[in-house]
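Both complexes below contain subunit A, partnered by subunit B and then by subunit C.
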Partner chain A sequence: MEVTVKAHMPGLVARVVVNEGDKVTAGQEVAVINCMKTEIHVFVESDGVVKEILVKEWDEIEIGSPMIVLEA
Partner chain B sequence: MIKKLLIANRGEIVPRVMRACQNFGIKTVAVYSDADKGMYYLKQADEAINIGPANPIKSYLNIEAIIDALKKSGADAVHPGYGFLSENAAFAEAVSASGAVWAGPPPGVLKAIDSKCYCRKIAADAGVPVVPGTVKTISDLDEIYKFTNQYGYPIVLKLDKGGGGKGIELVEDDDQVIGAFERLSRIGLLAFGHPECYIEKLIANPRHVEVQFVADSFGNCVCLGERECSIQRRYQKIIEESPSPVVRDQDRSALYDYTRKLSLAMGYEGAGTMEFLRSEDGAFYFMEVNARLQVEHPVTEFLTGVDIVKKQLTIASGIKLDISQEQVELKGHAIEARVYAEDPLSFTPSPGTINKLVFPKIDNSILRIDHAIEEGGSVPPYYDPLLAKVIAWGNDRLEAIRHLRNALIHFQIDGIKTTIPANLLILGSEKFADGNLSTGFIEELYAEVRENSLRPLWPCM
Partner chain C sequence: MLKILNGGIEVVVEDWPGRLGYLGKGMAPAGAMDNVSLEFANLLVGNPVGEAGLEIAGGYFQAEFGADTVISVTGTDMKPTINDQAIPIWESVEVKKGDLIKFSHFSEFGFRSYMAVAGGIDVPVYLDSKSTCIFGSYGGFEGRKLQPDDVLKFGKPAQDLASLKDRKLNKKMIPEYSREWKIRAIPGPNTCPDYVTEEGMDFLFSHSFKIQHSSNRSAYRLDEVKPGFFAREDGGVGGSHPSNIVDHAYSMRGALNICGNTPIILIADGPTLGGYFCALSIINADLWKVGQGTPSRDYIKFLLCTPEEAIQARIEQRELFTEKSLL
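And now, the complex of A and B:
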């Protein structure tokens, strides 16, 4: 099953801390959003494998923007 | 005198600088990113030029784009504001190279302050006390152990080229050294491109006191009192006031003396601030130079009647300062609250749209609001969360606090969360009224509130 990790805050993508193919576990940090100069951490809610990374550093994102696709 | 000024910044500082220009009949050029095209002050500028996308790297931090705007506008000067490129020597040099006047400190000063360690050395050489620690950057862990063997813990590791509250690590024992050093190097490389750090002994419960000064190109340096900025969250200021409740007349004389010595040693020109830490035993230590106009400058303007932005413009135009130190009078008390677009309890950001905006009634003799917001306006997620600064004046400290609280209670911003309730909680606390401040104030106050299971009662708005 595919799960899409979405941004819960708007801003800029500060960094993505996983690579495609990485195994992740629920609660793991996968990306950081820079919102108003504050770093907001993005976590995954379920175990899985990173299938696709949809954003790159400095991309502008909104709440709900898809960031990462997991194969859960 | 400058004829046309480009303001290389965004937010509340733009209309502030424009106000000073009006006084001199200087034409203004505002710049904006795609995310800021709706800002109200753009309509008030004589010209407004788009400098690129929302991402600050491509707009407000983009030297090329701003220099292009400068050439296109025909402006003969640039005001850097604060943050962004305001302390960037390469930008200052690019402005000068294009033939325009840079209304900030000389590039040489900006290069010097780029390294906090180098500034510590200049200060120490000039006879100004610095926080005990190294005046050189450290390259390995052994140097840290060597220092702590001699001077003990706790210490603070700081990035030589950090800033904005980033790049500070507290280290309390040997076990924490490696983790802190590695974290700091990583952040330094990632956020600033420079991993070097240095050591300072921890000053426990310090108070943050800074001296505002203006220096012209004729060697005159005039100090405009101090500001106390101890109330911070995440090392970022939230409430500032002047005079500081702990600075006595003899302290002020010493701080003025340090400031003049340092300004002279650096060849400073323009408006600037020397930051000092005051330890619990009453000693002052130089911390860093802020080579720019500061967010909290209105506090000093209220107290002294000196318009600091106007002074920046005359100094940049090569005009001699028209005030002497003896003429500077510190009258009454002034206090500023920064209103941020943040959750007042967690201080997490809260961008969005302002649905409703009601300003308090403004009596110019006791209240001033500098802001960049309007009803229906958006607060973009890409920049600093500062929405407005509310500054109040009183005959004494308690009167100033009362005026500030009264203004904040009648300041209504709906649609986004703001720190107004946090400001009111702080200003209303007994400890604050007593002037018992420290940089850990907010943490302690919030812990107390949680411990007592008190739900802070926000005034009805």
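And now, the complex of A and C:
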């Protein structure tokens, strides 16, 4: 089953801290959004494998923008 | 008392009008980014309208009540719940010891939500205010945003809790939200013809400026100005860029600072002086709209205003915060 990790805040993508093919566990940080000059961490809610990374550093994103696809 | 379970994006204790009278010593006024929402929230729970409440930016805040009380939530609709049951906003709500309050994220309109508690938030008054200045790390709760396991104390309610619950704001009083905030401003102090061209001033009062992602309680950064904006080649002894001047005091809160080519609204926690000129001053009655502007999404359009209109708007706004605004 595919799960899409979406942005929970608008801003710029500061960095993605996983690579395609990485195994992740629920609660793990996968990306960081820069908003209000603050780093806001993006966590996954379920275990899985990173199938596709949809954003890159400095991309401007809105709340709800798809960021990462997991194979859960 | 209130035990913080999740501090969310940024939750701070703020009052209104904040810490006034200390600009000369370099102290920002801080205070609520949206005073209208905070003052209505306090009105609903029977507090003096400038009492300290919680300013919730972005969302995801969660907390547990350690005592029975009455609260109100105003501002953007973050779909707050008590024990997973939705609660109304712009109304007062009774809560019991052990209840859990949760906020989702900001809604389609607006960015900040406010929670007032009967009796207010009991934090030390520092230089005449309970407001947090994040940039300066003073005031509020330990001079910072709230974190899990922080415990806030409440003040003593002005009335019986039973008489404070289920109070509603007249719907006509709920401010109109937008994604393009029309904000009244007075030209100056640094304007046409010495600093900005006539075309530059026309641009300021006609362009719809997107709020940049880096905007926060200190400053709201906007789109860059266009070529032909500046009336001078450089800043003379103030610096090489035409936006430079010899350092001077800023007209806080609400100055539109021109920093290089970037217009920046200086607000609650912003700097009190600096070496860039200020082309506009946002009127006090419209400052709340800046606080509800969502970074990376909303736009700001400035409307020309006179000092007389600004004073009248302020008088009319102050008249809203009375029991007459409640149903």
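Note that in this section the second predicted complex is superposed on the first by the 72 of 72 C-alpha atoms of A that agree within 3 Å, B and C clash if a C-alpha of one lies under 4 Å from a C-alpha of the other, contacts with A are read in each partner's own complex, and residues count from 1 in each chain.
Basically, contacts are C-beta pairs under 8 Å (C-beta built on N, C-alpha and C of every residue); 3 or more make two chains touch, one makes a residue touch a chain.
What you are looking at is a predicted structure, and each value in this text was computed from that prediction instead of being measured.
Subunit B and subunit C, once both complexes are superposed via subunit A, clash. When the shared chain is aligned, subunit B comes close enough to touch A:W58, but subunit C does not. In the superposed model, A:C35 lies in contact with both subunit B and subunit C. Applying the stated contact rule after C-alpha superposition, one finds that A:F43 touches neither subunit B nor subunit C.
Of the two partner chains placed by the overlay, only subunit C lies in contact with A:H8; subunit B stays clear of it. Clashing C-alpha atoms with subunit B appear in just one stretch of subunit C from the list 5-13, 77-85 or 95-103: 5-13.
In the superposition on chain A, subunit A positions 9-12, 35-38, 40, 60 are in contact with subunit B in one complex as well as with subunit C in the other. The touching residues of subunit A, counted against subunit C in their complex, run 8-12, 34-38, 40, 60-63. Contact residues on subunit C toward subunit A in their complex (touch as defined above): 9-10, 57-58, 60, 105-106, 213-217, 294-297. Listed in rising order, the residues of subunit A touching subunit B in the complex are 9-12, 15, 35-38, 40, 58, 60. Of all residues in subunit B, only 53-55, 57, 164, 190, 341-342, 348-349, 351, 381-385 touch subunit A in the complex they form.
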